[in-house]
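There are two complexes below, and they share chain A, which is joined by chain B in the first and by chain C in the second.
Then we have the complex of A and B:
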């Protein structure tokens, strides 16, 4: 069973699950951005569970009336949509009129609707076994039996989501970011929010067959969160979220098929469920984005912090050399004593400073400031002592406490701030510890 | 079929187990609802599946629920892991709290589903976990459910003051010297073992109903805390009895076979809605200016 990538889109058995999953990823990713912005991820959880009884009812009615497979699907989706949408109003009623805390309202509606669904489904366990299996497949999704009809249906629903979001993109922006301002502008906020909920329900409906009700909320969260890590612009977030959703849908589907193949042998067949695999793919993508994204990612932030600390170390070394002995050299060993980092890091910093031209080697392991280095060191000391004057004399902080804070501030005070401080403090000549403040230097 | 005397669990056994689970749920749920931790309880009830996987890895057997003590330990560990991961996503990765919880437990649950399907080579295990199988309950399950309920009761009795203060005024608690975080973790541990006691009977998702609904109903009826806990327990027991009885009645008289766990959840949900309506009507008539006495 060797499929090429192309086969996944053309083979009559494979193409429906593949394209269906991708459409689900797209829809969930897009509306997931709105859910993320409004911090309503847990509402998505409740909504998808609440879709379950409606789907059951739809299947029940359709099979009772003896409809075909495709019409049954339509009934199922319609039922799912109705109960999911209704659950929003139930949660709202509980929160507002009955004064239940929001999380308890969500959890209760979630558990209650799901329980009702399970009860209804269990009724068919022995009487209508085929329908029962079908209902259970809604829990975690079952892509294997999807047909081209599903592609068409989900295509229409996903397109609706795209079109509505595109038409309303200005309103989406305002209502999501500043609700009260939207009210003041005369935008029908309640109507827009109802449209949001409607779109979430559409996404849940698409997802019900692919990832199932229990896991759907993950697809509403993961692609949007991943996208958010890469950009600040809303339109780009939407684009990336849709893209990540599509990728998760495709890769998850692909993985579940190949892993099923590798885990199954001639005798036992172990099928890796597709829905959970898609969710795991999306979650892994999300974790990757959270850690590795440029700027916002954890790794990037850690790297920036490390660079900053290194810069602070270099500047502190400059200050140290300046203080110890400006004219004769300073031994590396002497310097190392002043810093509680590893000696090798100090030596590395010394070489960086030499490379940048702030210090020079008089002889082996003996350092001296260059003229530029002297100016820079004095500048840092000036900033340090200016700040101490500001804290001690202007803000009234005790003189014994100002040093610590100034040690940190000296590395980040900008020239504009230095200018302002000099003017405010009337160009002081000594700091609270009675040490002279180096005068303002020419720009290096 | 195992250690029970009957092949199909008798109604009394089912009632007793469900009632024990309901008591645990009411006790622990009272604090969960007041501390606004129900979503975390939802998360725990999902990730317990990973605990099942863990037990299965250590102690593979055909009967998935064979080794309950091991399972209890595993569930507490997995619960702690869930809490840690959520906190990691929230503080270190700077993700908003609702997305942190949602992402953590759904992905851990997905992982659990995949692992359990592969390990047990049984594609239907996922539905059993979610729905429970009250007909397969045995004496041993009752002993564990009762034991856990007793443990919860004693634990809450012993630490009542601490739980009370960390729930209602965590700032004051910290100032006095109690750690709100510690008691939150303890409560989550209790939630984990409650879910374990119940998931075979009603499945993991419906234990959530037993954790939230009794307290919510009792909250409609009283504002005094000790009374709330007591009422919640009573309501839970009542629901368990009615649930099993109703399910049996429907089967014998009308020939409709329903999941007893599902029926119990329906019953308690109906109770809640009825209680809301009745209390609102009562309040309306109480505050009406035309009341005669």
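Then we have the complex of A and C:
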């Protein structure tokens, strides 16, 4: 069995799981942004578990009345929606009336509703075997048996989430950011929050069939966390989160099918479940975003810190040459002694300083500042000593302690800060150690 | 004109409980229009609670509030609130411009998008507080003082008659404080009424026309020269006041020379 990408969207057996999962990813990704920004990640977890007993009740009632497959699905989603929505009020009631802290209330409702669901399901184990299997599939999701009816249904639900979020974009934003202020503007905060809860419930009931109640909350949070890593604009966060959700839905489906196919042989049957694969895909995307995102990622932060350290080293070397012997030149060997970094790093720094035109070779391994380098070194020394004066005169730090602090700040102070310091300190000529402070502009 | 209409704010027998503990007790006062009013009192005196209650964010167990003789719902658009800076997550993915624009969300109305004019106004008010250059910065990349300035610009966007600022000067730099104070004075001159929850007793006399002195109950209110005296402060701060008295004396020496 070899499928082209196209087949995933047209093949009568493949298209329902694929498109269904993508719609689920889209819906969960979008509303997940709001959940994440409101710092209510546990809410998704509670809602999905609370949906379980309702879904079971729905299946049971539908089978009792002898309805068809599609109607049973509707009953299941309706039941799930009702208990999930009711759980929000239960949590709220526990918080307000019984004064249970919010996280405890959420956990309690999660455990209690899920327990009820599991108990109810196992009662049907022997009497309603077919329904029981169906209920169990809701735990980790089951995409394989999805039909075009699911696509239509999920399509409608996902579209309503998109439309409502688009219409209420500005209200959702302000309520999530600054609830009290929104209230003071006369925005109907409570109504907006009810709509928000309703949308989360919609996303959750789309999700329990695909990834299951246990893993659903990951689909709310992972795309949002990933998206936040790449942008500082809320609208872009929404777009990216929706996109990541869709991608996770598709890639998860694709991987589960291909891996199942390639690991299975004539004798052994391996089955890679779709729901968990979708969640793992979303989690992998998220991990990638946390590490590699351009500004906020771990790797880029580490890289920025490394670059800053390297710049400090270069500037310190310039300062060192300036202090030791600005005219006669300084030996590499001598410089290495002043820094407790590896000698090869110092050599590398020396070469880049030379390339940038701050220092030059007099002879092999002997370095001298160029005229430009001398000005730059004096500038650094100036910042260092200005900061020392500021610490000693304005903050009352003892003269013996100011050096260490200034050592760090001289690399950070911007020209505007230098300007402000110069003005504040009335352009001082000596530092607390009675060393001269070089003037701001080159001496002609 | 009806005599009530000149009072920017009136509360009568306002009482607030958190659970069963009273935090505000029987506050009855009226503040005339066009004053710069400091709300002063020790920690936990209910200063923030007072303005939140007046703004309808906290439901009082008893009492009435009106602005210019009208209840809050009728006049909400004319009243601006600047919450404490720490109450929001500054890592929220919006820019300084987006934050200021929020000041118009109430006026624009639900389901509608901000118009060009709203965007232009946001830029103008950013400029007014000296933050035009930071328009597109994500808000966590601003200093405390800068955050307070855009927070205030957002209130200006509402073009209100009455302002409530909750500790705007806590943890901000001197130049931001000067910028804010300057704008507050200009607003007062143009007839707006401004309430400021304030901590620093040394600046009370130079900043405000009126003060409201609170410690769970109303200790006193009125013109600074009438209320801001050792007896009243002693009543508000109790034992810990001795320290403030010392500071106050010091500050007077600084501003008016040796007394």
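FYI, the second predicted complex is superposed on the first by the 439 of 444 C-alpha atoms of A that agree within 3 Å, B and C clash if a C-alpha of one lies under 4 Å from a C-alpha of the other, contacts with A are read in each partner's own complex, and residues count from 1 in each chain.
Convention: a contact is a pair of C-beta atoms (placed from the backbone, for glycine too) under 8 Å apart; a residue touches a chain by one contact, two chains touch by 3 or more.
For clarity, every value in this text was computed on a predicted model and none was experimentally measured.
After overlaying the two complexes on the shared chain, residue contacts for A:203 are found with neither chain B nor chain C. Between chain B and chain C, B touches the greater number of residues of chain A. When the two complexes are overlaid on their common chain A, residue A:290 makes contact with chain B while staying clear of chain C. By the touch criterion defined above, A:103 reaches chain B but does not reach chain C.
Of the two partner chains placed by the overlay, neither chain B nor chain C lies in contact with A:22. Once the two complexes are overlaid on the shared chain, A:39 sits against chain B and chain C alike. Looking at the shared chain after the overlay, A:55 reaches neither chain B nor chain C. Of the two partner chains, neither chain B nor chain C is touched by A:383. Using the contact criterion defined above for the overlaid structures, shared-chain residue A:217 touches chain B, although it does not reach chain C.
On chain A, the patch touched by chain B and the patch touched by chain C overlap at residues 39.
Every residue of chain C that touches chain A in the complex is listed here, in rising order: 19, 52, 55-57, 73, 76-77, 79-81, 83, 87-89, 92-95, 98-99, 102, 105-106, 108, 110-111, 113-114, 138, 154, 158. Listed in rising order, the residues of chain A touching chain C in the complex are 37, 39, 99, 167-168, 170-171, 173-174, 176-178, 180-188, 228, 231-234, 236-237. By the touch criterion stated above, chain B contacts chain A in their complex at residues 33, 36-39, 41-42, 46, 89, 92-96, 98-99, 101-103, 106-107, 109-111, 113-114, 117-118, 121, 123-124, 126-127, 130-131, 203, 205-206, 208-209, 211-213, 215-216, 220, 256-259, 261-266, 268-269, 272, 276. Chain A meets chain B in the complex at residues 36, 39-42, 44-45, 49, 98, 100-101, 103-104, 106-108, 110-112, 114-116, 118-123, 125-126, 136, 139-140, 214-215, 217-218, 220-222, 225, 263, 268, 270-273, 275-277, 279-280, 283, 286, 290-291, 296, 298.
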